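Lettered A, B, C, D and E in written order, each chain numbered from 1.
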Amino acid sequence: MSSSTLRHARHVVSENPVTGLALLLFAFFVGAAILGPSLAPYDPLASNTMRALQPPSALHWFGTDQIGRDIFSRVLVAARLDLGIAAASVALVFAMGGFAGLASGFFGGWVDMLVGRIADTIMAFPLFVLAMAIVAALGNTVPNIVLATAIINFPLYVRVARAETVQRREAGFVDAARIAGHRDMGVLLRQVGPNIMPIMVVQMSLTMGYAILNAAGLSFIGLGVRAPTPEWGIMVAEGAAFIVSGEWWVALFPGATLMTAVFCFNLLGDGVRDIVDPRRRT
Amino acid sequence: MIGNEPTPPGPDGSTLLDVAELSKRFPLRRKGWFGGGHPSLVHAVDDVSFTLSRGETLGLVGESGCGKSTLVRLITRLTDPTSGSIRFGSRELADLPAKRFARDADRARIQIVFQDAGESINPRFTAADAIADPLRKLKGVTGPDLKAKVEEAATLCGLPVELLDRFPHQLSGGQRARVGIARAIATRPDLLVLDEPTAALDVSVQVTILQLLVRLRETLGMSYVFVSHDLNVVRLLCDRVIVMYLGRIVETGPAEQVFAKPLHPYTRGLVAAVPRLDGVRDGALRLAGDPKSPIDPDPHACRFHGRCPIGTDRCGLDMPALRRFGGGREAACHYAEEPA
Amino acid sequence: MRGVLWRLAGSLPALVAVIVVTFVLTRVLPGDTATYFAGPTASAESIAQIRAALGLDRPLPEQFWSYVQALMRGDLGMSLTTGQPVLVDLVNRLPASAELTLVGLLIAMGIAIPLGVLAAVKQGSLADHLCRVIVTAGVSLPVFFTGLLLVYVFYYLLGWAPAPVGRLDAFATAPNFVTGFYLIDAAIARDWETWQSAAAQIILPACTLGLFALAPIARITRASMLAVLGAEFIRTARASGLSSRTIILTYALRNALLPVVTTLGMVFSFLLGANVLVEKVFAWPGIGSYAVEALIASDGAPVQGFVLTMAILYVVLNLTIDLVNRALDPRARHS
Amino acid sequence: MSAVLDVSDFSVEFRTRSGIVRALDRVAFTVRRGETMALVGESGSGKSVTAYALLGLLDAAGRITRGRAVLEGVDLTAASPSELARIRGKRAAMIFQNPRAALNPIRPIGQQIADVLRRHAGLSRRDAMAGAIDMLKQVGIPDPARRASAYPFELSGGMCQRVMIAIAVATRPALLIADEPTTGLDVTTQAVVMDIVAKLAAETGMATILITHDLALAAERSARIAVMHAGHIVEDAATKTLLANPRHPYTRRLLAATPTAAGSLAALRSIPGNLPDLRRDDLPPCRFAARCDRRLPGCDAKLVWRTIEPAHRIACWNPA
Amino acid sequence: MDRRDFLKALPAAAAAVAAPAIREAKAQAPTRNETLLLVQEYGPNSLDMQGLGSSQPVNGVALNCYDRLVSFKRQRVDDITTSFDINALEPELAESWQEASDGTSVTFKLRADARFHSGRSVTAKDVKWSLDRAVSIGGFATTQMNAGSLEKPEQFVAVDDKTFRIDFLRRDKLTMPNLAVTIPFVFDSELAIRNSGGDPWAKEYLKNNIAGGGAFKVEAWRPGTETIYVRNDDWKSGPLPRLRRVIARDIPSPSTRRALLERGDADISYGLPPKDFADLAAGNRIRVSAVPVPNAIWYVALNSANPPFNNVKLRQAVAWALPYEQIMQASLFGRGVPMWGGPSTPARLTWPVPFPYSANIARARALMAESGVGPFTTSLLFDAGSGTIAEPMAVLVKEALAPLGITVELNKIPGANFRGELNKKTAPMAINRFGGWLDWPDYFFFWNYHGNNSIFNIPSYQNPAMDRLIDAARFTQDPAVYAQNVRGFLELGMHDVPFIPIAQPFHDVAMQRTIGGYQFWPCREPDFRYLTKG
């Protein structure tokens, strides 16, 4: 990032307090993901049936769950897993979808056709159900959740990368690069690739939130991370049974945290877009 | 380098580029159920022949859509021709696929200055990166050598060395134009194609860039193909000029004469339409209407037929070929007459 | 018309791919249909017998071939969970999902499009920021969580919403089948009591879905509205002194709607997939919850049928979008 | 002839992040009925801003800080937005460069003309369409009844510009502002389009402001030329006078840089230096001073507008 | 199952589903007080309990829409619940029966006035066809019949129109009680055969249609959505039910079901999480009927066929380590009878009976040391479908075993795969619940501990001594021998602990205070015949 970009970033934040808030939240979540386990006041896995289903108190800020585990500790520790899954899947789809879209937009022809068909096929599936099916078929392990989340985001990345590439394929600098002796692959990876990077980064931060939701949704259904691992989706699912009976905190805190995290990433996505490309702000 | 011997430079005045019967047709994508019938073709460049001597500047003029840009892409070997020949020095380049030409030894000898300097520089490259790119790729220059060569090219183009680490958006239009030129001449090409290099510039800057180009041609001994829609500028810079209409050459000749006494009715209309500082001339020739479609044109009709103020039925049945006239001039019109 | 047929033909490869992928996916799903059929007390022999009867012991390509043959005859197999032919289940349940999704989408559109227009017209204003926060919050809510919360608050605590027992109050009678959409069918039958019951039942789940669809629609409306408002032809319209109403509605919005329509299609297909969770919470007898239950139960045929239905819906949807685009955009008509 | 538009002391500023841009400074000129006046200048000189500010089309960042612009007795700077909207398109119209983008891509061109007629002439739907077809005929579009239902993408650039002109003159405005109307068009098309503008101006007696960077075009098409530089009108004179006897140093420089049908490249001279940064607080009174070879100590004190002979005004202490 | 059959059934099924939509308005529609709204997690997937793959709620259809020859004697257990006496039978379709003096057969006299919904009189031929079907159709129905030594069609004899005889294969105390469960119900065989389309057992027709004479008819069945029952006003096999209409809605979310009850929108629900029953029982707005499910336990099974749990000391160590109290509290919320902390020999010769184990980490450690098994990692299988109970249970087990050096990975399996997983018999540990319909200890032990290794023998427990004890108890006529063998296998079970019992679960049903006449049967589905409202 050049200094002018930084200056612009600072300007965006100062002009848009919402983005500032998102940055703050982001820092908080990243902090929780890194330090979570050492900050947690209790062992997130330790049960204590004597203190089951305690409402929030000074001892247990978010209360305790059915078997007396400290919900605050669990929510805190879960950040690493949830954000990790989301980040890994976004990174994966960035690599897969970004390259496929780039190649598809740049070369056109049969490459475009093939990539388009694959993306079409994925899109023709109801995405969440496809993710469920992949996880159900391959087994509910974290790598499979990451893979499933990446696959259902694939068409989106392909679409964005392709559109951006097509826009630049005819750009003068691509011809200039050819004139300067770059071959197709070189032009693709070294000239066009870096240029669509900002848009892809925006795309990544926008899909982070969706990736978190997706992973949590899978866990909610029972096809995600396995109990007793602390994970927001599972915790909401477990807590769901207690809402009507009045133990609202069991589901509410993980749910609210999940929501805040997604909210933060979505706002951040907008913010990053402002920074990268002020004209595209929406 | 892929085992091709670079063309040895010839003496000034010898033929550098010999383009013969060059055509480029683009198939139109048509969605037929079984792909039946012949696809329609856009005749972007049709049977174009011309030569360019060493040290010469050839102007290329015509309306938008006349095939100038395609011709430029063909002779800079960014696109493969449908048919025809492009001889560069002693070498035939038309058969060499554009993909292969990317790393050819002669790649460095044909360079281009793009129309919009701002757009033709990778926004993520500094001026130095942009100028260094062809040097590194085509000449294999690296390290301090590279830096020296970049600075040399920049200095030649009047670009202050301290601007070299700026990104394109941090440069003014004139400075960007200089970066574009420096990049193009960095490899010391024999043929430089200038695609409307001053179209985006204000007149005050345009002058300096044009003067720079003239100076560079003299010091580096390059040949230019200069594409522009501004006839005044073409006249200032070019020795000879080619006038194109709908993919075909309608007139060529020494620039001064072509503009002073155009032979082809299209050239006449074009010259008449150029505004002049000495005010409007009443009754000047007007070319109303638009050019015909370049898709599957009638091979027997003059492309200008229908818009031509003097055309007759004959023009619709018999496509005029380029005819030679005195003073090294040619025109493709049945009714063109020897200039008085 | 030819374009439409071409589109249809063009989507065939994707459909075929969907069929293959689903078939493979359901075959690698853990769980054993034969064991399920054989019942809890079955012996190994009887399981093997049933496996042979179901054709599950044959090689995969052969199974695939007979699956395709059955598909050709319109036979999507049997659901183990409901015990019904999958086709019957889907036919019965699709209108429920479609109605829910459509109402959700309409609610979202009704809010998001004006909001997006407002945010674009008043770019950078408080309304703009507020709109951004609201829609972002909407899309950040996990639907499974929102649904639960809405039920708890609006039904359990406040009692404003009716009991979440499906498409109709338990004592109401479904209207005569015309479209399968209760709101429409009841209106046709002029049975306003049923209509009211159906409307009351659909409002919460549709809002849950709508909340989720708000953001993408508002976002794209704002973005495309901003792009259009900055376009040169809007400047022309302003320079011609057209009223701001004409400029915003006739000139800007109509142009801005083109990308919105495309997004709507995506949102709709996305919602159709996303409402699996909502249907579960609201006991909505749609195809989403049907598929999820089947998937969890490793019940392959309904999953295959569901995915195929969705794929066909997706194709139809894209076709519709194409047609709408053609209607809206003369350039699309031309090419 | 009476003044259709009288602009005096007209200043415009833009508030941006990096400071206030003093885009126009005390601009003054008059356009009379039937007269074509050209505003000529390089990019950034403020010629388009002048047009936009006059018609109230500036974006949110820009505002008129002083001055008057009286169009047929109405001060545009004092008019409310809704009053301005009623004046725009009715009494003062504008055409733009890049005509295809300047037309609504998904509305038939006839409709777009009819929209203006319905708004300003209060015509019924049917009458407005008839009027639109008539306008298409007037701007020389063949087969106007059929073409009325065409969309911009179906027409060439030149045809689109004719449609733009039809939209602009449909209500017989007193003033037409043509903002680089032929930039991007081929010279042959440019000539035809400019002919149409001239013809309509002659028929209706409307005043025309031709905004262009092309001195030759201005010379050919206008009776009077006002040269702009960095937000100032530096010289304003009858075309013949200006070309034959330019007095402001910038005008002379501009002429010296413009290629002509005769002359050589060596004879052309560029203008040294750059435009001053209009965000600077310490902007010199004469914004050309830094680039000027006739600069006097007095140039730094105050800018002066002088009428050196009838209908020839310059902003210079030391004219050539 | 042929796919073509499916297709043929399609129009019929579609019609069955569409038919209710054109229900004609009844002359005297049932009032809300005569209509019961039941909310359940999921409804029947068939109307034929004898058919293959029928789900648990189909029992309810069999119970309410069909009659059996006999039923268990009803027995009041508290002021809201009536249960049954498995040792006493009452007439249903049969008005009387007589066991032959040689004990080789039993002869039933059918009720003279009994009629099917079709109006046809019930004959012995129908009974024979129905029982023939039950023993021939395969799957669960046949297995259940076999459990009472009802195995061959030749055993069933239609003596005359109203007289029916069953010939015994052997003396089996389960034979008569097995006639009162939901499997051997009586079809209108003529109607069934007429619509069978050539299938001797009319499987497809009966799956989608009721051909019986029970107290209720199915008015509408929308699988996965609702089932609507209406009273058969001509029912003669018992007192006419008070309810005229029952709407059974499928509401998958338990919280919603609870909310519906609490807000008074639903009349009755079962299958809520134990926490909800505990809460509702503690309040006084909703009544909760709790019956300990006969013959049923929640247990942790340890795979006794494979290392490391083939080591009996290790199994005992685990049994001494489990946190029974916590499980009871956090997982079952007290909705069950403790099955731990009993005397070292069985206190009574019934099943289930408390085992002698309780949480005693010192003894667990000692036994662990004795076993000679070092720290190891294993996995614990449980059903996602019963996750609300099994999951906290599993988590607590995992936690409790950690101090012994046993690392447990939890393996939550979606419902349908669970049985398949169990069938593999490879899971080292599993949490499950089992209940036999026929409440005898030897019945439970036969299915769970016997070396014939049925699917329910999850630990793959093999012990010839155990097999001998079970077999001896099953077929003895001598009460003393029976008692001795039961004591033997109970003690062996306690010692070898392939299953570690946790608790005998309650079958909880929550209902409005206006609901009365709740009847509990072995199949655990609600019997609408006795329910009252208002």
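In the analysis below, a residue touches a chain if its C-beta (ideal position, glycine included) is under 8 Å from a C-beta of that chain, and two chains touch if they have at least 3 such contacts.
Chain-to-protein mapping (UniProt): A, C = ABC transporter permease; B, D = ABC transporter ATP-binding protein; E = ABC transporter substrate-binding protein.
Since this is a predicted model, take the numbers as computed values, not measurements.
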Inset, instruction - Work out which chains are contact partners of both chain C and chain E. - result: A
Inset, instruction - Return the chain pair with more inter-chain C-beta contacts, choosing between C-D and A-E. - result: C-D
Inset, instruction - Please report how many Å separate the Cα centroid of chain B from that of chain D, as a whole number. - result: 33
Inset, instruction - Calculate how many whole Å lie between the centre of chain D and the centre of chain E, each centre taken as the average of the chain's C-alpha atoms. - result: 90
Inset, instruction - Could you give the separation in Å between the centres of chain A and chain B, each centre being the mean of its C-alpha atoms? - result: 49
Legend entry - Interchain centroid distance [CA atoms averaged], chain A/chain C, Å: 23
Inset, instruction - Mark out which residues of chain C touch at least two other chains, giving numbers and ranges. - result: 30, 148, 152, 156, 296, 298
Legend entry - Residues of chain B engaged with two or more neighbouring chains: none
Legend entry - Residues of chain E engaged with two or more neighbouring chains: 253, 255-256, 259, 262, 384, 414
Legend entry - In the complex with chain A, residue positions of chain C that touch it: 11, 13-15, 17-18, 21-22, 25-26, 28-30, 129, 132-133, 136-137, 139-145, 148-149, 152, 156, 215, 219-220, 222-223, 226, 269-270, 272-274, 276-277, 288, 291-292, 295-296, 298, 303, 306-307, 310-311, 314-315
Legend entry - For the chain B and chain A complex, residues of the former touching the latter: 73, 76, 78, 98-99, 102-103, 107-108, 111-112, 114-116, 119-125, 130, 133-134, 137-138, 167, 170, 183-184
Legend entry - chain A - residues contacting chain E, complex: 45-47, 49, 52, 66-68, 136, 222-223, 226-228, 238, 240-245
Inset, instruction - Spell out the part of chain C that touches chain E in their complex, as residue ranges. - result: 30-32, 35-42, 46-47, 50, 53-54, 66, 70, 73-75, 77-85, 87-89, 91-93, 148, 151-152, 155-156, 159, 163-166, 170-171, 173-177, 280-283, 285, 289-290, 293, 296-299
Inset, instruction - Quick one: which bits of chain A touch chain B in the complex? Just the residue numbers, please. - result: 2, 4, 171-173, 175-184, 191, 194-195
